[in-house]
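Look for chain A in each of the two complexes below; its partner is chain B in the first and chain C in the second.
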Partner chain A sequence: MATAVAELQAAKQATPQQRRDWLPGYLFIGPAVLLFLVFVAAPLVAAFGLSLFHWDLLSTPEFAGLDNFRQLVTDEATIRAVINTFVFATASVVTHIGIGMLLALGVHRTMTRGTKYFVRTAYFFPFLVSWAAVALIWKYVLDPSFGLATHYLSSLGLPVTNWLASPTWALPTLIVVDWWHTIGYTFIILLAGLQTVPAQLHEAARVDGANAWWRFWSVTLPVMSPTIFFATVITFIGAFQIFDPMLIMTNGGPDGATQSIVMYTYEKGFQSFEVGYAAALSLVLFLVIMIATGLQFRLSRRWVHQ
Partner chain B sequence: MNGPALNGVALKGRLLDLVLVLGGLLMIAPLVWLIVTALSQPIDAFQLPPRWIPRPPTLENFQQVPDLIPFARMAWNSLQIALITTAGSLLTSALAAYAFSRLRFPGRDQIFLVLLAALVVPVQLTVVPVFILMRWLHLVDTSVAIWLPALVNVFGIFFLRQYIASIPRELDEAAIMDGAGHFWILFRVILPLARPGLTALGIFVFEASWNNFFWPYIFLSSPEKMTLPVGLVSLQGAMGGGPAVVLFAAITLVVLPILVLFLIFQRSFIASIASTGLRA
Partner chain C sequence: MTPALERSGLSRRGFLRAAGGTALAVGASGALTACGGGDDSGGGSSTKELSFVYMGTAEQQATWNKLFAKFSEQHPEIKLKAEGIPLSNWGDFFNKLSTRLAGGQVPDVIQVATEGQRLFASKGLLAPLDDFIAKDKATIDEYYADMDPNLIEWNKKYSSTDGKTYYLPGEFNTMCMWYSKDLFAKAGVPEPTAKWTWDDFRKACDQIKAKTGAFGYAADSAYFAAIMPWLLTNGTSSFNDDWSKPTFNDPAVIEAAEFQRALVADKLSPPPGGTFDAPTAAAQGKLAMFGGGRWPIISIRNLKVQNKIGIVPWPVKVEQGSPVGWNGYPIMKASKKKDEAWTFIKFLISKEGSSFFAQLGGTIVPARKSIANSESFLTDAPKGTESLYQALSYATPIPSPDKGAAVQKAIEDGWKQVLTGNAAPADALGKTQTALEGLV
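On to the complex of A and B.
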C-alpha cells in the first residue's frame, strides 16, 4: 500500500518526458491484461461466488451459504479423491526427482556423441506425446491378453494381473505411466542445472581429497538446489492437477481407486451438473496447491542456496 | 582403440552407457510398438511375442482412419487452433513483455506481480466459470472457446520479459534518438534480436496446444469440431472393439508430426525447456 501511495505521488510529479511512456505502456499490456481479466481473474472470483450456490446450469441458482463446503468434509468420495491425489503427487515427486537426478548424473559424463544423443532423445520423446495418445497406447501395452508389458513381465517370471482393473494396482500403474510420460521434462531441467555446476569447484574439491560421493554432496547438490527446488514444485503442482489418465484409462475406477480431485470436480461439474459443489471442490484444489507451494518455499530456505 | 588402457573406470563407464541405452530402448518401446503395429497387416498385429519388424509393412490401416473419424477435419482444427494460439499469444506476450521491461508507467510492477501470482491458479478452477461465460456467448463447441482464453500466456510474458531484459538498452535508445516509435522499436529492433527466445516459446506453445486434452475435451462435443486428442479418445468409446490397428494408425498420425518437429527443432526446444528451470 505504502509503495502504491509513494508511486502515485511520484506519478503526479512525473515530467512530461516520463509521462510519454504511459500511454504506450498501457496499450502494450492492454490485450494481455484484458484477456487475463476476462479468462483468469473474473472466473477466479466467480468460482468463489459459485461455491456458495446450488446450481444445475439450467434452473435459477439457489443460495446455499456454506452448504457445499459442509458437504465437502463429509463426502467420502471427496476424501478418497484428496487422499489419492496426495499419494499420486508424493509418489510422482519422489520418482521424478530421484530417478531424474540419477539419469542426469548418468548422462552428464564423457560418452560418445551418438550415445548421448540417443539417450537424451529417448527419455524425452514420451513427453512430446499428447496424454490422449499416451493413455490409449498404455491401455494396450497393459492389456492382460495381448499387451507388451504383460507378455514381457510374465516371460521374466514376474507376476502379472489386470493392472487397471485392480483396486490395489490401478493407482500405482497410473503413477508409472505418468512417470514415463513426464520424466523427460524433469530430466532435461535437472541436466541443465547440473551443467551449471562450475568444473573448477569439482576440481578444487578433488584437490582437497574429496571422493566422488562427497563432491556430489558438498558441491553438486548445493549449486543445483534451486533447480531441484523448481523441479519439485513444478512436478508437485502438475501432479496435483492430474486428470487425463484417470478419465481415459480408468474413469476414476475401479471403485474410486484412481479418483483424483480434478476427476471428481469434472464429474460433479460436467456430468451431474452440481456446479456449486464443483466450484467448491476446485477451490479446495487451489487452496491445497497454494499451501503446498508456500510450504515448499518456506522449507526451501533451509536447503536451497540463493 | 585404447585396448590396454581400458581400465576399471572406463569399463564402469561403458557399463553405465549400456544401462542408459537399455533404459532408453525401454522408454521408446511403447512408441516403436505403436508405429510398428500401425504399419502391420491386421493379422500380424498384436501377436505375442510381438513382431518388431512388420513384414511386409502396409499403409492399409492409415487409409482406413477416415472411415472411423473425420481425421482430416480434426487435424485441420488442431492445426488451426495451434497456429492461432501460437501466433496470438506470442504477439500479446511480446507486447506486454516489452512494456514490462522497457516502459515506465504507474502500477507496472504491481500488475506484473498479479499476473505472476496467477501462475498457480489451476485451469480446473477457472474452467467452470469460463464454460458458463462461453455458453452465454454461444461459443461452446467452437474453436474460439479453445484459442481465445489461450491468447494470454503469463509464462510467455515472463519468459520474453527476461529475454528482452538481456538485450542492451543502447540499441532502442539510439532508435528513440532517431525518432522511432515503440512499435517500430519492438518489431524492428527488439524482436529480431529476441528471435531464439521467440522460436523456443513458439515451439513450446504450439506443442502444448496440439497435445492439449483437458480444455478441448470440456468445450468440444461434435466430431467435426474436435481436435485430434479429443477425437482419438472419442474413437475409443465409439469403436467397441473395432479394428485396433486403425486406432493405432490414427494415434501414429497424431504423434509422428510432433516427434518429427522435435527432431528438427531439438536444440531450441531443449533450450526452452531447460531455461524454464534455470530462470526460475
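On to the complex of A and C.
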C-alpha cells in the first residue's frame, strides 16, 4: 500500500519530460486494454443489460425487469445444473490436488533425471490435446458395443455398464475423463513447487531428528502452500466452466445428470433462444466463481504460508 | 524470504487478475451476440454478390460447387457467393443462422428445412414469394405438376402462419427400412414386403439373431430417424396436428418405446448411445436392418454393397407412416437483390437443379417425380429405393415447434432413458411430456 501511495504522489509531481517517458508504456499495454474492453468488459456490460430482457435472437427484445432472475430460482434444471457443477468442481479439485500431489512426490523423490523427463512429458501430454479430440476418443473407449474399456473389463470378468448412458455413472465418468485430460497441468505446477523447497531446510529438519512424514508436514507443505493454493484455485475455476465433454460425450444427459451451468447457458441461449435468461445464468456463474474465489483467498490466510 | 515465496507473492497478484478475467469472460459469453443486434444492414444486402447460405458437409461441397458453376454459366450476370455451413443437424444449423442474423449478417437466400420454416416465416424475416409466383405462373405450375400434391399441401399448411407463401417445397427425406438381403437369406427369413408388420419385424429380428448371431435392428434415439417412424406406424405422433401440444405420454407412444426397449433388453439391438455405425455393420453382416432416408446411400456406395441391401416401407402396427422433412429456399426481407434471388430459386427447382439433387452426395430425394423415378436417382442404389418417394403418400411432416433444437433434445433424452432401461417408459416419457409442455 505505502509504495503505491508514494508512486501516486510521485506521478502527480512528474515533469512533462517524465510524462513523455511513460508514452511507450501506454503504447505497450494499449492493445491488451483494447482487447479487454471489446471482448471482456463490453460483453459483460451487455450481459447485464440483456439479462433484463426477453429476446429470442430474431424478434425485437422485450423488457422483462427481473423476470429472468425470478425464473432462475424456480427453474429445477438450473438448480440441477448448479449442483452438478459444484459436484464436478469439488471432485475435480480433490482428485487433481490429491493424486497430483502423490504423483509429483513420487516423481520428485524416486526417479532419475532421465525417467523424470519421460514421465513428466507423459503425464503432461494429454493436456496438449484439445477437449474435442479427448472427448471423442473417450467416447470410443467407453462405447457400449466395441469400446476398449468395455472389452477389457468384461474379459477380466468385471462388471460393465453403459457408462455415459447411466444417470448414476455419467457424471463420475466425466470426472475421470477430465482428470485424465488435465492432471498433467496440476502435476507440473506441483512438481515445480516441490523442486523449489530448499534442501537446507530438509537437512536442518533431519538434523533436528524429524522423520520423513514430519519433514513433509512441517517443511514441504508450508513451503509449497502458495503453489498448492494456486493450483486449487485454477482447477476450481476451470472445472466450474466445464462444457466441452458434456456437449460432446453426453449432451447434458442422461436425464440432465451431466448438465453443467455453462452447458445449460448455451442450451438456453442458442437452442431455446432465451437469450435474456442465458445472460442471467451467465451472470450467476460469474457471481459464483467470484464468491468462491474470494472465499478461497480469505480462507487461504489461515493455511497459505506468506 | 526464499525465492519460491517471492515468486508466489508475485503469482498471487497476477493470479487475482487472471481469476477475475476468467470470471468476466464467462459472464460475458452469453452476451457476445448483443454486439451487433439492431440493424439489418450488412451481408448480402450491401454487397454486389447474391449471397446464399446452406447446410452442407465438406464431403458434399464438391457436388454443390458443380451446381453453382452451372448456375453461373446460365446467368453470368449474377455473381453468386454461396456458403455452406458444415453441420450435421438442422437444429444446430438454425442456431448458427439465427446467431448470424442477430449479428446483422443477412444473406439474400437461405436453405431452410421443415424444422425451421415456420420459425423463420413467423419472425417476419422473409419476403413473400406470391408476386414472383404470379409472375412466373407457368414455371411454377409445371413444377407443381411434377410433384406429389401432399408436399404442396403440407408446405402451405406448415411453412406459413399468415397465408402468404414464403417457400417453394423442394427436395425431401422420408424414412424407410434398409435391410441386408444376405442376412435374411442366411437365416432363412423371407425378405420383408411393403405390407409387413411390427410382428413380422420382431420375428425376423429373433430368427436372424438365433440363426446368425447378428443384431436385428439398431435401436436409436434420433428424433426423425429412429423415434418418429415407430410413433407414426403406431398411429400416434410427438405433437398434435398443428404442433401446439405435445403428445409424448400417449399410450401408443409408450407402447412404441417399450417395443424398442425390448429389442435392446433381448440383445436384438446393440446397446444405444454408442458410436455404432449401422450401414457398416450391415455391410459386414453384423446387423440385419436399420432405418434411413436417402442418406445411408453414401456409406452403402463407399462399401460397394448396393446389391446386397434392400429398402422397404417401415413395418406397420396401426397404419403406414413415415416422417417427412423438405427444404425451402426463401428470400430474406432485407435482401436488396430479390429479383436475382428469385432467378436463383427458379434455377434450383428447374429440371436441371432437381436432377442435381438426385446426385448430391446421395443425401436427399428430389422433389420432382420425374427425376425421382429416373435412372439418375434409381441406378447404383438398393432395390426398393422408389419406396422413399412413395412414402410421401402416407407421410407426416416432422413436428417442429419454434424451439426445435430444445424440443429435439428433450425427446431424444427421454427416449434414450427408456432404451437403456434406466427409467420405466411411462415415467421417462411423462417427464419428457412435461419438459415439452414447457417448450411450446
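Keep this in mind: the second predicted complex is superposed on the first by the 284 of 306 C-alpha atoms of A that agree within 3 Å, B and C clash if a C-alpha of one lies under 4 Å from a C-alpha of the other, contacts with A are read in each partner's own complex, and residues count from 1 in each chain.
By definition in this document, contacts are C-beta pairs under 8 Å (C-beta built on N, C-alpha and C of every residue); 3 or more make two chains touch, one makes a residue touch a chain.
This one's a predicted model, so the numbers in the text were calculated from it and none came from an experiment.
Participant: Considering only the touch criterion stated at the top, classify A:118 as touching first (chain B), second (chain C), both, or neither.
Facilitator: The answer is first: A:118 touches chain B but not chain C.
Participant: Mind working out whether A:199 is in touch with chain B, chain C, both or neither, as first, second, both or neither?
Facilitator: neither
Participant: Between chain B (first) and chain C (second), which does A:158 come into contact with in this model arrangement: first, second, both, or neither?
Facilitator: It touches nothing on chain B or chain C.
Participant: Between chain B (first) and chain C (second), which does A:148 come into contact with in this model arrangement: first, second, both, or neither?
Facilitator: A:148 contacts chain B only, not chain C.
Participant: Name the chain, either chain B or chain C, that contacts more residues of chain A.
Facilitator: For chain A, the partner with the higher number of touched residues is B.
Participant: Does chain B (first) or chain C (second) touch A:275, or do both, or does neither?
Facilitator: A:275 contacts both chain B and chain C.
Participant: Pick one for A:33: touches chain B only (first), chain C only (second), both, or neither.
Facilitator: first
Participant: Applying the document's definition of touch, where does A:128 land relative to chain B and chain C: first, second, both, or neither?
Facilitator: It touches chain B, and chain C stays clear.
Participant: Counting only touches as set out at the top, which of chain B and chain C does A:207 meet: first, second, both, neither?
Facilitator: neither
Participant: Could you look at A:227 and tell me whether it touches chain B, chain C, both or neither (first, second, both, neither)?
Facilitator: The answer is both, since A:227 touches chain B and chain C.
Participant: I'd like to check the shared interface: which positions of chain A are touched by both chain B and chain C across the two complexes?
Facilitator: 36, 39-44, 46-47, 50, 57, 140, 146, 193, 196, 226-227, 230, 237, 241, 262, 265, 269-270, 275, 278-279, 282-283, 285-286, 289-290, 293
Participant: Using the touch definition up top, name the residues of chain A that touch chain B in the complex.
Facilitator: 4, 7-8, 10-11, 18, 21-22, 24-26, 28-33, 35-36, 38-44, 46-47, 50, 57, 103, 106-107, 109-112, 115, 118-126, 128-133, 135-138, 140-141, 146, 148, 151, 155, 180, 185, 188-193, 196, 226-227, 230-231, 237, 240-241, 243-244, 247-248, 262, 265-266, 269-270, 275, 278-279, 282-283, 285-286, 289-290, 293
Participant: Write out the stretch or stretches of chain A touching chain C in their complex.
Facilitator: 36, 39-44, 46-47, 49-50, 57-59, 61, 139-140, 143-147, 162, 164-167, 193, 196-198, 223, 226-227, 230, 233, 237, 241, 251-256, 262, 265, 267, 269-273, 275, 278-279, 281-283, 285-286, 289-290, 293, 297, 305-306
Participant: Under the stated contact criterion, what part of chain B meets chain A in this complex?
Facilitator: Contacts found on chain B: 13, 16-17, 19-21, 23-25, 27-31, 33-34, 46, 48-50, 91-93, 95-96, 98-100, 103-108, 110-111, 115, 118, 120-133, 135, 148-149, 151-152, 154, 157, 181-182, 186, 207, 210-214, 217-218, 228-230, 232-233, 236, 244, 247-248, 251, 254-255, 258-259, 262-263, 266, 270, 273-278, 280.
Participant: Over in the complex, which chain C residues touch chain A? Could you list them?
Facilitator: Interface residues on chain C, with respect to chain A: 2-5, 7-9, 11-12, 15-16, 19-35, 37, 91, 95, 98-99, 101-102, 119-120, 123, 125, 270-276, 402-403, 405-406, 409, 413-414, 416-417, 420, 422-423, 428, 431, 439.
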